[in-house]
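Two complexes follow with subunit A in common, the first pairing it with subunit B and the second with subunit C.
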Partner chain A sequence: MELVSDYIEFWQEKNNVIWEYTYQHIAISFIAILFAILLTVPLAIYMTKMKNNFIKNSIFNIANVFQTIPTIALFAIMIPFLGIGFKPAVIALFLYALLPLLRNTYAGVQAIEPDIIESAKGMGYSPMQRIFKIEIPVALPYIMSGIRTTTVYVISWTTLAAVVGAGGLGGLVLSGIGFNDQHMIFTGTILAILMALLLDFFFASVEQKLLKR
Partner chain B sequence: MIQLQNVNKTYDDGFEALKDINLEFQEEKINVLIGPSGCGKTTTMKLLNRLTDHTSGEILMNGKNIKEIDPIELRRQMGYVIQNIGLFPHMTIYDNVAAVPKLLKWDKKTIKQKVDALLNMVNLDPEIYRTRYPSELSGGQQQRIGVIRALAAEPDTILMDEPFSALDPISREQLQDELVHLQQEINKTIVFVTHDMDEAIKIADQIILMEDGNIVQKGTPNELVTNPVNDFVKDFIGTKRLKNNQSMPQLSSIKKAFPSITKSKPVEDAIKIMVEKQISYLPVVEEDNKYKGIINLYDALSHKDGYVHEITNTTSNAVNINSDAAEATRIISGSGAAFLPLLSDTQEYLGVVDNQALLKSFEGFFADRGGEI
Partner chain C sequence: MMKKILFGSLFLIGFILTGCGDDSSADGGEVFQYGAQTYSDPKIMGQVVKQLVEDQTDHEVEITEDIQASPQIINALDQGEFDFATLFSGEVYNNHFDEDKIEFSTDPQKTIDQAQTLFDEKFNLNWYDSIGFNNQYSITVPEEFATTHDLQTISDLSEYASDMEVGADSAWKERENDGYRDFVDEYGYEFKNVRGMEISLMYEGIAGGDLDAITAYTVDPHILENNLVILEDDQNFFAPYDASIVARNELLENYPEVSDVLDSIVDSISTKEMTALIREVDINERSTAEVAEEFLKEKGMLE
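Moving on to the complex of A and B:
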């Protein structure tokens, strides 16, 4: 009983700080993902039209390289270039998110049956109409599942953003280690988990809706 | 009207897909392009809506060169149905059928009426099917939607690329029947690609048979079957189909030379001929070789002193040389005679056909058909 009341007391005391960290966490991960989506989805669709395999493979390879760098190292590498704080964290996460988004979108568009494309062409859809009215809607379940997994990863990786001084729930955990405060460690962890689960659930239900047809 | 004039298609790798094609698709008819794979039939069709562009020559649509028409516009003026249907999986049946009218920005009410009318036309209740997705339909139903989707924007021309070949045999037959039936209502110029000769014969008004980028023969199904121009056409149509269509043996091929006698001659001359040839009947002709009738040996012997015309039986049967063996058999079996005189169109006597020759001709005819009688 004492444990619980202690913990409630901790929340009452640190309320402001916790929400501050949570807000940072959300901001970092969302901006990183949003920009990654804005870049990769059009790029992946463009790549499906690309005839030059060399360029296509190069793009995949570059995205791959970012994935292979250990997360903490990628954050660290950012420091000499961009200093510390919000910016390097967002950029590191952005680079991380590229590959899974790119791969999923590309595979999704690539997997559309050629007959569907051929019909659309033969019926008189212009190239742009084909992309927006046929290709993206048909590939949407794939694209969404890419966004879903990537979002969950990024939320979890954002906890490491604290090492470059960007804050986020990782900051709560790090302070907890510093002060030897189990409440802080526990709260940071559980909130990050909750956030990931909540988003996963949200995207899953969106996907379900899309897959129904 | 769609005309191809000296059309060539050469691919970048030098492969000549089409060689100097001259062709006119019959308006408001089902034109079937057929041939073995790689013959250029699909290429020919895809030239029409510019999914492929020809290298040289001209394709005229109502007198206008199609290279001067924007391909997107051109395609919206033509219906297009492909083999694997290609319905859009993310759209309802309604949206699928309405696709081209929507691209053409028809007003909503007109589109709805059109879609409902088309669904009714292929016996799919709009109330039930409008809101369904393609994956909820059977293959046959999906291809019906594919066909009416091509009709939605009321094009004059519809291109169909092996539309029924992925279906099971029963649905395929049904859809072929429906297409023929539908065509009677809609009267579109249909260009239909297939490799299935049964299908072509069933639905085509004009068959265009291709091989190696050339047109080998074109004509009605009947013309192709009865009058194949070469062995390739024969092979493609298939010996069985040709045999089934083969006509009965012609009498001209089993005609026998046979003596005759002029009606003004004395009977004694007739007796002499009959004894010499060991026959008991003799055809009688006029001076100008026109057939008159027949005499028999018994009458002749009892009228030795008379003239041939006195004992001639003018009611006996004869048959025109252009009839077939079946006709001759019908007459001969009805009369009980051993042979039938053969006459030209102008009633001239040409010879006879007898029982034995008829039987022989039938024997040969059925042996050709693999012994099935």
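Moving on to the complex of A and C:
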């Protein structure tokens, strides 16, 4: 029981600080994911129409390379170019998010039966209509699963943003490790987990809604 | 079929894991474990301990580097995973003990006395007298900034603080006693922004102009390398961090010859000497083993 009351006291004392770290975490991961979705989904659909395999492979390879750089190294590499804080953190996470989003969207659209596309053509659908009425809805489970996994990853990776001075829940965890405070470590961890689960749940219900239509 | 494959892989995992046990040393002695933090002074001290112990006894020492923070090392010592480490007297204020047991003081002697008694009581650790160097928090600014504004002390910063971006290690913002909140109380001013971050990246931040001041550790040669100056702590706010070798009592009782070696390290390396050693490692990128060996030979502690 003492454990619980200690922990409640910790929240009362620190809740301002905790929300500040949480807010930073949300801002960093949200902006990184949003920009990554805005870039990759149209790009991947465009790539499925692309005839030139060389360019297509190059794009995948570039995204792949970003994915393979160790997270902590990528943050550190950013510093000479982008300084410290919010900017390098968001850009590093954005780069990480590219590949899974690109791959899933591309695979989803690619997997559509050519017959479906042909019949849409036969029914007189314009290319734009085909994309919005056929390709995106049919590929939606793929696209959404890409968005969901990426979101979970990005929220977890955002904890490393604390290393470059961008704050976020990683700051709370690192403070806890340095100052020997289990409450801080626990709180930072649990909030990051909750955030990932909540967003995953949110995207799952969005997917459900969209599929029903 | 599937079951066989599954059992096969589980067996393999178990086999590999059990293979990672410890062995005894070549001379028939024990293999002791030394844990080092992420920065260079504890790593160099690890080599000092290793080379002296291996030279003067039959035992061997293995060093594990880059443990994120001192509390984790203390935990590992407590559980017998590590046998030695280099810790700093100010660690005693790092939330290990109940508030009524401990009294915050910036007096070096009082601090190390408390560390020796309390860590012995609670963790059964022997905290040796200081190695001779200290490595404490300081507020550090670019030399140019200090000369143009004629800054000598931390109090002198008060006029400029409201425009300053400060880089600090992540824990400093949240620490009690000698953390940022108490700093504000003691010095009576706030900075524009304090960012918690990785220590080594603070120097990149201040070199690139993103940061105006950092909470550097005094022994760090990057301070000189980046043309920074340490401002005098005129309110005597920062806790002393005198470095000591720490070892498990149980081990010292069983192996008194090891205790003799560790005793010889007390009072053997000054702050200036340690800064020079770290410079060899951090700036000139030499190995800690080579740097430590060279130093010990120079001092006549190793043949």
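Here is the rule we use: the second predicted complex is superposed on the first by the 204 of 213 C-alpha atoms of A that agree within 3 Å, B and C clash if a C-alpha of one lies under 4 Å from a C-alpha of the other, contacts with A are read in each partner's own complex, and residues count from 1 in each chain.
Following the convention adopted for this analysis, a residue touches a chain if its C-beta (ideal position, glycine included) is under 8 Å from a C-beta of that chain, and two chains touch if they have at least 3 such contacts.
Nothing here was measured: the structure is a model prediction, and the numbers come from that model.
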First, second, both or neither for A:G122, with subunit B first and subunit C second: first
Contacts of A:I84 with subunit B and subunit C, given as first, second, both or neither: second
Partner chain in contact with A:P70 - subunit B first, subunit C second, else both or neither: neither
Touch count on subunit A, higher of subunit B and subunit C: C
Touching partner for A:L140 - first (subunit B), second (subunit C), both, neither: first
Touched partner set for A:E113, first subunit B, second subunit C, both or neither: first
Which of subunit B and subunit C A:G167 touches, first, second, both or neither: second
Contact footprint of subunit B on subunit A as seen in their complex: 113, 115-116, 118-126, 129, 134, 137-138, 140, 213
Footprint of subunit A on subunit C - complex, ascending: 68-72, 94-96, 167, 169-171, 173-176, 179, 195-198, 201, 204-205, 208, 210-211
Contact set on subunit A toward subunit C in their complex: 17, 76, 79-80, 83-85, 162-167, 171-172, 174-181, 184
Interface residues, subunit B side, partner subunit A - complex: 49, 51, 72-77, 80, 82-90, 92, 99-100, 103, 133, 135, 149-150, 159
